[in-house]
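Both complexes below contain subunit A, partnered by subunit B and then by subunit C.
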Partner chain A sequence: MAQEKLLSGCAAAAQAAKLAEVEVVCSYPIRPYTAIMMELVRMIHNGELDAEFVHGEGEHSQLSVVLGASACGARAYTGSAGVGVTYAGELYSPMAGGRYPIQMAIADRTLDPPGDFGSEHTDAMTFRDQGWLMGWASTPQEVFDNTLINYRVGEDQRVMLPQMVCQDGYFISHIPDKVIVAEPEQVKEFLPPYKAPHPLSLTCPVSHGPQIRPDQGAPMDAQRAAVFLEVPKVIQEAVEDYNRIFGRNYDPFVETYMMDDAEIAFFVQGAHATTCKSAIRNLRNQGVKAGLVRPRWVRPWPTTQLAEALSRVKAVGCVETSTSYGGAMRGGNLIHEVRASLYDLPNRPLVTSFMGGLGGEVILLDDFYYMAKVLTQMVKAKKTDKHVYWIGFEEE
Partner chain B sequence: MQAFDYKKQTLEPIKSLRSAPREEMYLPGHRTCSGCGPALNYRLVAKAAGRDTIFIGPTGCMYVANSSYLCTPYAVSWIHAQITNGGGVASGIEAAYKVLARRKKYDGPFPNIIVMAGDGGSVDIGLQSMSAMMYRGHDVLFICYDNESYANTGIQTSPTTPYGANTTFTPPGKLVPEGKTLFPKDPPQLVIGGHPLVKYVATTVVSRPLDLMNKVRKALNVDGPTFLHMLAPCPKGWKFDEKLTLEMGRLAVETGMWSLYEWENGEYKYTHIPKKYKPVSEYMKYQGRFSHLKAEHIAKMQAFVDEKIQKVKAIAVEAAVPTPKAGA
Partner chain C sequence: MSTIKVPKDREVPFGAVTPAPVTSQELFITSNWRIVRPVLDREKCALCFQCVMSCPDSCWSFNEEKEEVEWNWRYCKGCQICINECAAEALSAVPELDFPDGVVRLEKPF
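Let's look at the complex of A and B:
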């Protein structure tokens, strides 16, 4: 039977990668994701997992190595954090455009300057438009589950896309929590072996990545965009199978908490959702009808599911854990997509954003109470005065 | 990881041009310039390596001018790498074939994995990735086809562009009369100098096809990372008459601008040494990239080459045709 263990997010990712029987693993150290690789190489050196462990000399090469491996039909795994994610920047588009379904585990970290180890989503969010599947887990259990779900979705012949499986640095990556580790038979039932449709082969020669003419560019871009219309269907199937085989209860796209009669909603990505749920329970005791909507994916962005989940509230507060300097709302990234998702609703809610958790700061219960106060005032006033509130920097 | 008997190939020596394989693995129909040295190199490398080969092509002339979508010249599998990461992509390919063979998902011969990188993709922006591949010991042949500039982007200087060359980033001017003021990097020495698992490094030139093909085979028979530095005269970048490509190769050797050697398990062996060196001006006078140089600049170049030749004389052991042998 599946065992319950106490695992950090990093250990959970490594356990899932082992069960996925990854074939080529490429490492480079950077906090806080490093422990994933430490775990995997330990397994490989002890003979628990037969895989090639390549120590890349940087994140750029990490992605290069797994690209080459995936092109030959091997299931490949890598990961990074913070400036490591940005250092690899050149490879994201070739990887997705070449349809190499490798997986990259990200335990996120604040970008420089100045040097800071704390969680912030800007590292991976910077590359959200390069054609990868991407989403944040909110618990070590979800890291484990997302690792397997992402391989299944990414390697599906209708999809064939690389995946960023993100977790908040430290909050998830380093704090052990109960994780049900699946049995190999369950994983076998859920995740078929990776089969590259056109591997670099000696018997059937192929060319990967030749140059195109400008007039061949638009059809290829259109194809890459069209794939994302298919992905939700594949996610739906995969998560339904996952729930059935592993006994989980995930919504494929968005988690909702106390949303049935909510008047104000927090929109939170990743680990801070856990604190947010506690805050909501306390707020409810004080008569504030608050709820939570948490996206399980950034790409594909769950537009219709979010619009449905937020269609009955009066105000939404996007808790931004990434930055978009000079962006339309002058704060983070999420609010842009949330507002766009809600635009066509007949009675769209008011939307504002809260900059919190930047640099890896904890978002406290009190911070959520403050946000609830702002949202409640917005509902009363029936308008949004501001698009962005910097938690702790606003005059009250 | 585990001990495993991979089906490594052994390529026989090619005794004469007449007995070279007829089969072409690099086919006509590409868009390289007429007289292109790198394309001739590619043809010989592919011919020597044969069918069971995978090429990695970092961005450069041999990517841009060869790999038109739906019409590539490769009769074997080929993958584009960024100009930055030929070594990294090759490492992943090698690792994949190893694990797939071990897990019994692949049963064929272990492929000849060859990176065909230009000078930029080898020892400029591609240096880190190449060096790490060699350090880790992947069974990959890394070839630097050296046309001594970023030719495909319009002839900009690279680390192997010779002193005195006029490129679009080293134009001669009143204050900098010679154009390029730096002397070139030495790619084989970079590789030999710091990679304990590299056992075989050699230089060759397109004008000596038998030497070139046998060095390719010898390198491929070595179990581990190997490096070949190939001079690839470039009519467009060097500004010489396109019918003189092979002649430029010959003159490079005859003047000492290019030397032909092998380095095997720590030992140097020169595969050809001219009886008497011609002056460098014999080589430079055909090339427009040097046409602005004054006598003093040519003298500086001659002094540079003379010093190189002294080194050759100190360790010269000749071997006319390199002989590939199995495993090393």
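Let's look at the complex of A and C:
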């Protein structure tokens, strides 16, 4: 029987990587993701996991190591946080373009300056357009589940793409919660062994990563974009299989909470969704019809599913947990995608955004009540006066 | 949802993976930014292979049948290291525009 354990997000990620029988692991320390590697190295030392463990010289070489491992046909695992994610920057596009389905665990952390340890999604969000699969978990259990689901989707022959499995630093990575750890037989049924289509080998030599000509660039980009059109189908299949084998109840693309009769909706990515749900229950007791929509993927962005989930509300508040300085809405990234997803709806809701959860700050229940007040006023006024509200920095 | 169709003749192999080991392939040519090319005076060539050893892209090789060194235009970037290294002064830098086939060697100019 599957065991229920008390695990932090980092421990949950390591447990799932162990059950996925990762073959090559490459580390470089940076808080708060480091605990994943500490767990994995302990497992290797104790003989629980048979994997090659390489300690990189930095994040750039860390990703280079797993690129090489994946090119040889090994299931490879790495991870980082904050400025570690950005230091590895050069590798993201070639890894996706070269179709190496490695997995990178991210426990996010604010970028410098000046060395803030807190959670903020800007580190990974900065690389959302490099051709990786990407999504945020909202509990340690979901970190565990997403680790396995991402390997299954990424290694599918129709996809073959690297994956960023993200969790909020500290809020998830360091706070233990109940996690059902699956049985190895369940994982074997769900996740077939990784098979590289053209592994580097002495018996069947191939060359990876050659220089291409300018006239090959556009078709290559188009082919990479075409792969992403296939991904939702594969995600749907994988999550349905996962729910069946592991007894879960995930929506493949978006989680909805109390959305059936909701008039205002919070759009929250990651850990803060948990606080948001409590806020919604309290708001409902006061007669405010609020609901939550939470994306399980940033790439591929669940455009149609979001449009469907948000089609009946009157106002949407995107809770931004990343920054997009000087962007179209002058706040975060999510609102750009949300407004674009809703644009073609016949009765599209009003959309605004709230800058919160930045630099590791907790989004309090009171903050959600404030957001609900703003959204309710928007519905009454039937218009959006502002596209962004900075929580705690607005004149009342 | 939209669809994307890349015509067969413009398709790039999966992950741009190519057969190996080969010294040259039709698909991937990396010489189109060359400004000058090394031209060999066979009378002066001493077959010392300094060019073969110094080329960072292995563009010089020895043809055993012809008993002479050969230049691979597909991958030479025109860095002129071979010209500097040639003790017999058998190599000279000649502007690409002096040749009738011109500097751009792609079927489609960009």
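Definition applied: the second predicted complex is superposed on the first by the 396 of 396 C-alpha atoms of A that agree within 3 Å, B and C clash if a C-alpha of one lies under 4 Å from a C-alpha of the other, contacts with A are read in each partner's own complex, and residues count from 1 in each chain.
Heads up, the rule we're going with is that a residue touches a chain if its C-beta (ideal position, glycine included) is under 8 Å from a C-beta of that chain, and two chains touch if they have at least 3 such contacts.
Model, not experiment: these values are computed from the prediction.
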Combined model on subunit A where subunit B meets subunit C, clash or fit: clash
Touching partner for A:97 - first (subunit B), second (subunit C), both, neither: second
In the superposition, subunit B vs subunit C on subunit A residues touched: B
Contacts of A:76 with subunit B and subunit C, given as first, second, both or neither: first
Subunit B versus subunit C as contact partner of A:206, first or second or both or neither: both
Touched partner set for A:215, first subunit B, second subunit C, both or neither: second
First, second, both or neither for A:226, with subunit B first and subunit C second: second
Contacts of A:197 with subunit B and subunit C, given as first, second, both or neither: second
Touching partner for A:23 - first (subunit B), second (subunit C), both, neither: first
Touching both subunit B and subunit C, residues of subunit A: 205-213, 216
Interface residues, subunit A side, partner subunit B - complex: 23-24, 26, 44-45, 47, 50-58, 60-74, 76, 90-91, 94, 200-203, 205-213, 216
In the complex with subunit A, residue positions of subunit B that touch it: 1-2, 51-54, 56, 63-64, 67-70, 72, 74-82, 84-85, 87-100, 102-103, 105, 108-109, 111, 128-129, 131-132, 135-136
Residue ranges of subunit A in contact with subunit C within the complex: 97-100, 160, 197-198, 205-216, 219-220, 222-223, 225-226, 229, 304
Of all residues in subunit C, those that touch subunit A in their complex: 1-4, 6, 10-12, 14-22, 27-30, 32, 106-108, 110
